[in-house]
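What follows is a pair of complexes built around subunit A, which joins subunit B in one and subunit C in the other.
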Partner chain A sequence: MGTELGNYKSVVSARCTDKEILKGAQDGGIVTQLFAFALESGIIDGAIVAGNGAEPWRPEPVVATTRAELLAARGTKYNLSPNMSLIKEVTRSYGMDKVGIVGTPCQMQALRKGQVYPIGLRDVGDKIALAVGIFCMENFPYQSIIQLVEDHAAMKMESVKKMEIGKGKFWVYGKRGQVVQLPLKVTHKYEQPGCHVCLDYVANLGDISTGSVGSPDGWSTVFVRSRNGDSVWAKAIAAGCFETQPMEKVKPGLELVTKLANEKITKNKKTLEGRATFGVGKGLRNPYL
Partner chain B sequence: MGLLSNVFKRNTGDATPQKPAVVKTDAAEQLKPKPMNKEVKIVAKKIEVGYVHMSGCTGCLVSFADNYDKLFTILDRYVELCSCLALIDARHMDTMDIAIVEGSVCIQDKLSVDEIKETREKAGIVVALGGCACYGNITRFCRGGQQNQPQLESFVPIGDLIKVDLYIPGCAPTPQQIRNVCVMAYLLLRGDDKQKELATAYLTPLMKLAQGGTEACGCDLMTNVINQGLCMGCGSCSASCPVRAITMEYGKPNIERDLCIKCGACYAQCPRSFFNEAIISQYEAIDDAVKGALQ
Partner chain C sequence: MIPLTKVVEISPTTRHEGHSKLVLKVNEAGIIETGNWCSITPVRGVEKLAIGKTMEQVPKIASRVCGICPVAHTLAGIESMEASIKCEIPRDAKLLRHILQLGNRLHSIALHDILILPDMYLPGTDMKINPFSAEEPVRSVAKRIQRIREIGQTLCQLSGGEAIHPSNPRIGGMYKACSPVAKTKMYDLAKEGLVLAHEQMDFMIAILRNFQNRDWSEVGGMKVQIPKNLGYHNQGYMATDPFYGSSSLDDNPTWDMDRFKEVRPWDWYMGETEVTLAEPRYPIGGTTPVGTKVNPQMEACTGIPLYDGQPVEVGPRARLVKYKGFDEKGTIGQNIAREMEFTDCLYSMIDAIDEYNPAGKVLADFIPQGDGSLGWAANEAPRGTDVHIAQVKDGKVQYYSMLVPTTWNFATCSAALAGAPWQLAEVVVRGYDPCVSCATHMIVLDEDERIVAQRLIQ
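Now for the complex of A and B:
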């Protein structure tokens, strides 16, 4: 294959140097730190992030304009946060000229489509100042997460401190210190079906993309991709925001990222092929054709 | 020489000096406007574009104009606007490379029907600009009964009467999308092989939209995305809706169909309607190319 990791200028393993950010971060605190730095240095006016919604562990897209709001959005919520839904509003009533946005690979795709084919997104494209993509294998509807946490893991949503998919397991960490792990096999049927046609694992279209896979616990793998991403990353490094290690030096390293990316793409390409002959002499629609 | 200097030159009269009228004594005759000499084309290779106004609101044209100074660059270098009732005193259509059509067609209005047919005859490429021309949009709701033409009750998107080559949906369509299509259409018709290839690849999804029919609605998100197992809850549809008819409920679009004006923006903007990865992943290069062309 060879294209599974997308185009990138550099890749490192990194973690932010801000202890406060790191404390509640999912991994290396890359997204929160990047936006906090970009906000402080005027690169962005604000960022669309997955804030806290009306129910526990249900994200809601919010426009964060302060460090405190960014910090409140730390941590992965394994269900849908339609961040793109705010992409026009942020340039309207919020009046922003320099917009930051974080999102899954599909949301980065949506963003770039909106820039290349701006059909309902007038004057939005040029205002994207920093797009941070996060690795994503699949996502879940909110009810799926309730099912997994409350039924399979037998924990209350309110009592969960952190959720994580890693090392072949779905991990649920309770606030009182208890840990439940579910085999990923259990989670598969709860996945969002739309994820099964996705051909992007490491957010190929982000300015910068980041995720846990490939780096040790507490660290993140970071791809610097676009010209813009390169410039922001260089400034953040110069400002001492991150400590980094060369990707070749860390375990499990890029090899695992490549392997998982390949697995995802291969599996989903197969799904797409299956859709073409789904019926009798009829198939389902393929958005990539 | 730019468009402005061209206009300026004509006003000061040192371009092609007009011959004094042959002796005429009739005062009324003298007051008649003298026939203008046809404007000498500065850039011979510009594409000829006609702007055709059917049953539209001129908002699409305003959107075109909202490219501000880039509109002048487009007109200077790439586009010879050969007809456009709102801006140019050319009453009749001539042959043209591209017709950009705004608005739908009232089938009880003979002039409109004749005009859209004539547009197809005169134009090499027909572009439906905006929700009305592509999908009927708000004119889908027309049903006659209003003074002083109560019989004008049936409006159809232009694609129901003529073959349309390319859609630019949206109500209003965005200035940036119109700009991109102008530059790409120029490259398609006047560029070298490589540029033609890029332009074709860029324009293909918009041409496919035109082949995809003349009906659009928020329902498209249901029938063509969610029902097809393709929705992943990104929220683009909600952002692109001009009337806020789409909210995201538990990560999926909820469409308030009585608010929807049937413009087609949500489905066209959805990354799971079309996603031509080869072009979209080159977003930096495409942006460079378009902006470079308009520098």
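Now for the complex of A and C:
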């Protein structure tokens, strides 16, 4: 395909240099460090991140305006966090002019669509200062995660320290040291159906996109995409926020990212095509047409 | 015998909000003897469709009556519901509403400046002002007006969620408190606005005084005498507050429902007549052709609200007359009063921002669902007193009525047209900053409804 990784200026493997951030980060602490740096240097006034909701491992979109609030949002929560629901409010009662936002590929799409076709989004588009996309293969409703953790992995939600999808498995790490791995086959029926028409793996529309695939544990793969992303990234590097390695030097490298992106897009394109002839003599809607 | 009185019609009128026309009986010198200014905006019937809907929904619908002063309808609507269910809202919610209210007034005055400037002259010249001109000094004035409007709308967005159709107000207070960052931003904007508003007010008053001192104005190539008493009337004034408003929840409400009565358009307007004077030079496109039948009684789309049995004037001058001893009459006095509100509204807003506590709560702990009692709220909209009356029972609206500023002003302004040359009738109308879609949200109160329906069928 050749376009599966989107447009980018550069790609590296990176890890943040801040030990405190790294401690609770999912991978290389890229998102938390980028926003913390952007906040300190005045690039953003605050950032919409997936904070902690009322229930364990249920994210709730929050506007983080301090380093402490950013740190509290570290770690992947494998269920839906409607981050875009705050995109207008952040420019209203929060009073912000320079907004940071993190999101999955679909949320980056919503953001860009809102900037280009602002329907009910008056005075929002020009206040987006930094959009960080995260790689995403698929997502789950909260009820699915309860099912996977409490039934399949036989662990209370409260006792989970970290969840991870990698190396073909769904990993659940307990606070007391337990580790449970579920084959991804088990998780498939719990996926959110809307993810099956998604044709974006590595957040092609972020200013900067990052994810775990392609880099070693504790490191992240980072695509620097837009002119704005390039400028923020260069400043963060100059400030000593990150250590980096050239992508071609790390294993498994861009080859695996490309392979997974291809798999996602190919599979979901098939789903989309299937929708056209879903009924007898009629089909289901295709939002890409 | 040829009648001495002729009838001329200007339809539609321009440079104000909505759709209206002027039917004018003039003497042989072209001076108006009887003026009828009437709305010909289709009735949308917000008050009738509100019945049975939830008290949360109705003010958001009422907001859509007008996009220039949606804040007035949102707040008057919500506060009439709160008055009916007897819900007291927290102080910080009130302050946010106050900021929202004045942000809207700021932008509305500035917008009106653009609408009236083309009637005015650059002082010391015989050149009318085109606000779209790229020439100085007009260009900097236009830029200043746009910045003032931007400031007003941004203040509305911060405090009210949205500049056009504010989303933040709700029954019982506000959805969101403003953050300390937003508070600081509002303060800075208000301070910047204050400097610009002082400049703009001084500029506009100079322009208006210059017009007042002129003997003639040019309209479509006609040299028209400007009477010294342009727009004078002897109707009273009505206002409920210099800035915000009043409601039946207040200890001492400043509006009295017992003094209010509404009559039908045919009690007030002239009946069927025929256009006998046409002026193709009237800019742009001329007046209605001779021979056209007109009937203001049947065509007018508003009721005529009366206070103490008379139409009254509402708006900036009414507020200044009532609360500041302002005594200048006529169209120019009216416009000057509006300009004087520019800085007043920013000083009041800065006080409100100062007092606002971002950590305070903005929603009442308990929101009653209502027992069907009557409540009203008056909001001092940019154009004057906007009274909404509501009855809420079990969270649903049983009765809803809106008495909107321009509705009050229609009959008053019609009276003020007498004595003006017909070519300046629109200048008189614009003095009221009319908002015709605001005025035309209904016909009359329900006891008259049956008769209205019959008349319309005839």
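Rule of thumb we're sticking to: the second predicted complex is superposed on the first by the 289 of 289 C-alpha atoms of A that agree within 3 Å, B and C clash if a C-alpha of one lies under 4 Å from a C-alpha of the other, contacts with A are read in each partner's own complex, and residues count from 1 in each chain.
Methods note: contacts are C-beta pairs under 8 Å (C-beta built on N, C-alpha and C of every residue); 3 or more make two chains touch, one makes a residue touch a chain.
For clarity, every value in this text was computed on a predicted model and none was experimentally measured.
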Scan A:Pro193 for contacts with subunit B and subunit C and give back first, second, both or neither. first
In the overlay, answer first, second, both or neither for which of subunit B and subunit C A:Gly28 touches. neither
Looking at the overlay, what does A:Tyr94 touch: subunit B (first), subunit C (second), both, or neither? second
By the touch definition at the top of the document, which applies to A:Asp45: first (subunit B), second (subunit C), both, or neither? second
Which superposed partner A:Gly133 touches (first subunit B, second subunit C, both, neither): neither
Quick check on the superposed pair: does A:Gly206 touch subunit B, subunit C, both, or neither? Answer first, second, both or neither. neither
Once chain A of both complexes is superposed, is A:Gly75 in touch with subunit B (first), subunit C (second), both, or neither? neither
Touched partner set for A:Ser226, first subunit B, second subunit C, both or neither: first
On subunit A, which partner touches more residues: subunit B or subunit C? B
Applying the document's definition of touch, where does A:Arg122 land relative to subunit B and subunit C: first, second, both, or neither? both
On subunit A, the footprints of subunit B and subunit C overlap at residues 89, 122-123
Listed in rising order, the residues of subunit A that touch subunit C in the complex are 45, 65, 89, 91-97, 122-123
The residues of subunit C that touch subunit A in their complex are 154, 157-158, 161-164, 168, 176-179, 181-186
The subunit A residues in contact with subunit B across the complex are 6-7, 58, 61, 79-89, 103-104, 106-107, 109-110, 112-123, 125, 139, 141-143, 192-199, 204-205, 226-227, 275, 284-285, 287-288
Write out the stretch or stretches of subunit B touching subunit A in their complex. 63, 168-170, 172-177, 180, 202, 205-206, 224, 228-236, 238-242, 248, 250-252, 265-266, 268-277, 279-281, 283-284, 286-287
